[in-house]
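Just so it is clear, A, B and C label the chains in written order, and each chain counts residues from 1 on its own.
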């Protein structure tokens, strides 16, 4: 039984990370109408920036995470401006391929700068708590807590601020928004900054627990895609719920079935769902 | 004027063929011959990928997986079942197409971005399976010792053996030429027009009586067939397989070959595969991060030269012609 | 009395909570020109989509030449003899005019893989048939001098002709034209009307959606009027134009004719 609770808590923690990544991805899709394939490298870059700040500069965890979010936000704006904006009117294939190019640049850049080895984050928030017969470290609680806070903040931002309403309007109807005088270019920029910052936050939160390495974005981004396809591309609640479900499925199946197959399991679920509903569980069109 | 143009093109092709067939005569370096063989194998894989992506317009990101399935099928049939290379080649291709059918039927119910992501997921699944199913595939340890193709007996007690590199080269070259010939014929036929119609506008095609699903599936299966064949050649030439050859990195590299060469042309994937394979093999020792360079190249080409090298040449050709008219 | 070619029987179509077509009943007779008119949003294009299988019906049946074709896939319906054009002119913009037309006849041939690769005589003769059909239709729609122009560069009226030509290459028995004269000027409209009459003379039944009164009322043999997805009335143009309900539908209840 305690194994079960341990796996559930683990699943919620993983789910938090996935939710944040999927949220960023789904926000970007809502504006671009194309999935940002390169989202995974933003995640990975966020982890490395946090790592650098914490080790080389010696900042404390919270400051490092905050600065990483800002840095990644800026990188996200650059990517939108330099890569996705010129391809706005081209076919989806062009944006995909450009994103693949970005992946190569970031991943192999990281490989060359930092090396292929798995970097270990300095021990952070390692105090352990014993609840319900299971042991849980402070960092894991922080992950879940910060995720909840970020989700709430994001929700408030989208629903309660004018910029948030602008983003929603642009996501629904780009041309209509332009006719209303909305500066679509600025909206795209802000959404990308947000999405990248969320990915950086997710990476920073999990960095002390998992290891940092150049390929870490890959599995995460694939799962994020599975999540937003199942939850509906562009749907924020879908990303959040889907993220937690994915985390739980992975944790539980990893605990009870073998870990190497748990990715296959997740993709298998995706394939089955897409076969039945080719536009995702909550997707329209 | 038109007659001259016609035979000019054929003359070029003839010269290229002569060039290709005589390479082993004047290339003595094993290293260079190795590069040439790899160019041909990748060119085969890229050309087949181009059928689905460039001509039918569907972003299939599982292509590397089929290359790997072809390679592993042949490797396992030869090493573990004791089959002769030649029937193993045929059976491996059939297996690849069969897996293609299993993957294609559900995947092709989706479109655009969903299809791309779905096929990429399949690619990952295939790599994970090959990696984890150690009892069958030896997993990360790799499949070692795949022999070269068995000798073919000829009349008068003679034999064609494939232990030498030139012999392998001719086998690979012949396969490449067959691939090009078959895909060329398909693309320049009514069937090819059907593929191009789907790429142009799926809804319009449906209203004209073309079944989008069947057309896409056919294109998919044909492209997997040749991917598998290329994989078999790889297995027998290199002699060693690891799960990485079915990896999504392979898919992405093939994608880059097509993009840089020029999507939707016959010549594009060939140019892309040849140039990039040569560059990457030559730069192997040098510290320049190859993939980072690829990445920049890809982004720049996508934004500034979407037709790839072929597209760029066409544009120059048009501009040259226009100048001539002035 | 001509034979009944298409029968729409008590068809309803819902999109979520919205009823786009409401218990619609009508017939199209062989050889006639039939037009469907009605205010914007009255369900005309949805009706075309339902007949040609682009949307499934919520209720009811569509019967063509005595056969139930309800909910069949669009490509199957095209093969059975119903082809449609789209409101937003749809052609293969990247191909030349002639290449556009060649692929239109594809549904009537086999284009098998083996024959294609081996270059069998059968396959080659099939390809020849498609080309010949394309040239024939090219001539028919009057675009012969534009045959090598990329379709995306054609002027609007030529594109309209091409989209109609595309539909013609499929050898349809029933041609559904969705606003065939949309976005063209007065003179071009007359040209398109002549084309439509020429098509009728080829014994092809035509059903068109139209907004321009001249085309919608002068050209057809019979007219169907829709409003809010429901049939207001159906009959010869003369009667329909005098029908009070039709006037109300377009101009509102307070209009006194």
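The working rule: contacts are C-beta pairs under 8 Å (C-beta built on N, C-alpha and C of every residue); 3 or more make two chains touch, one makes a residue touch a chain.
Computed from a predicted structure; not experimentally measured.
Asks: Which chain is most central here if centres come from C-alpha coordinates alone?
Replies: B
Asks: From the C-alpha centres, identify the chain that is farthest from chain C.
Replies: A
Asks: Roughly how far is chain A from chain C, going centre to centre by Cα mean, in whole Å?
Replies: Chain centroid spacing, chain A to chain C, equals 47 Å.
Asks: What whole-Å value do you get for the distance between chain A and chain B if each is reduced to the mean of its CA atoms?
Replies: Comparing mean C-alpha positions, chain B is 33 Å from chain A.
Asks: With chain centres taken as the means of their Cα atoms, state the distance from chain B to chain C in Å.
Replies: Here the centre of chain C sits 42 Å away from the centre of chain B.
Asks: Sort out for me which residues of chain B touch chain C in the complex.
Replies: Going through chain B, the ones touching chain C are 182, 185-186, 189-194, 196-197, 200-201, 203-212, 218, 222.
Asks: Touching residues of chain B toward chain A in the complex: what are they?
Replies: Touch list, chain B to chain A: 53, 57, 59, 106-107, 109-114, 116-118, 120-122, 124-125, 128-129, 131-132, 252, 255-256, 259, 263, 289-292, 294-299, 302-303, 306.
Asks: Which of the residues in chain C come into contact with chain B in the complex?
Replies: It comes out as residues 52, 54, 73-75, 78-79, 83-84, 86, 90-95, 99, 102-104, 106-109, 111-113, 116-117, 119, 123, 126-127, 130, 166-167, 169-170.
Asks: Where on chain A does chain B make contact in their complex?
Replies: For this pair, the touching residues of chain A are 34-35, 83, 86-87, 90, 92-94, 96-98, 100-109, 111-112, 222, 225-226, 229, 233, 258, 260-261, 263-264, 267-268, 270-271, 274-275, 278-280.
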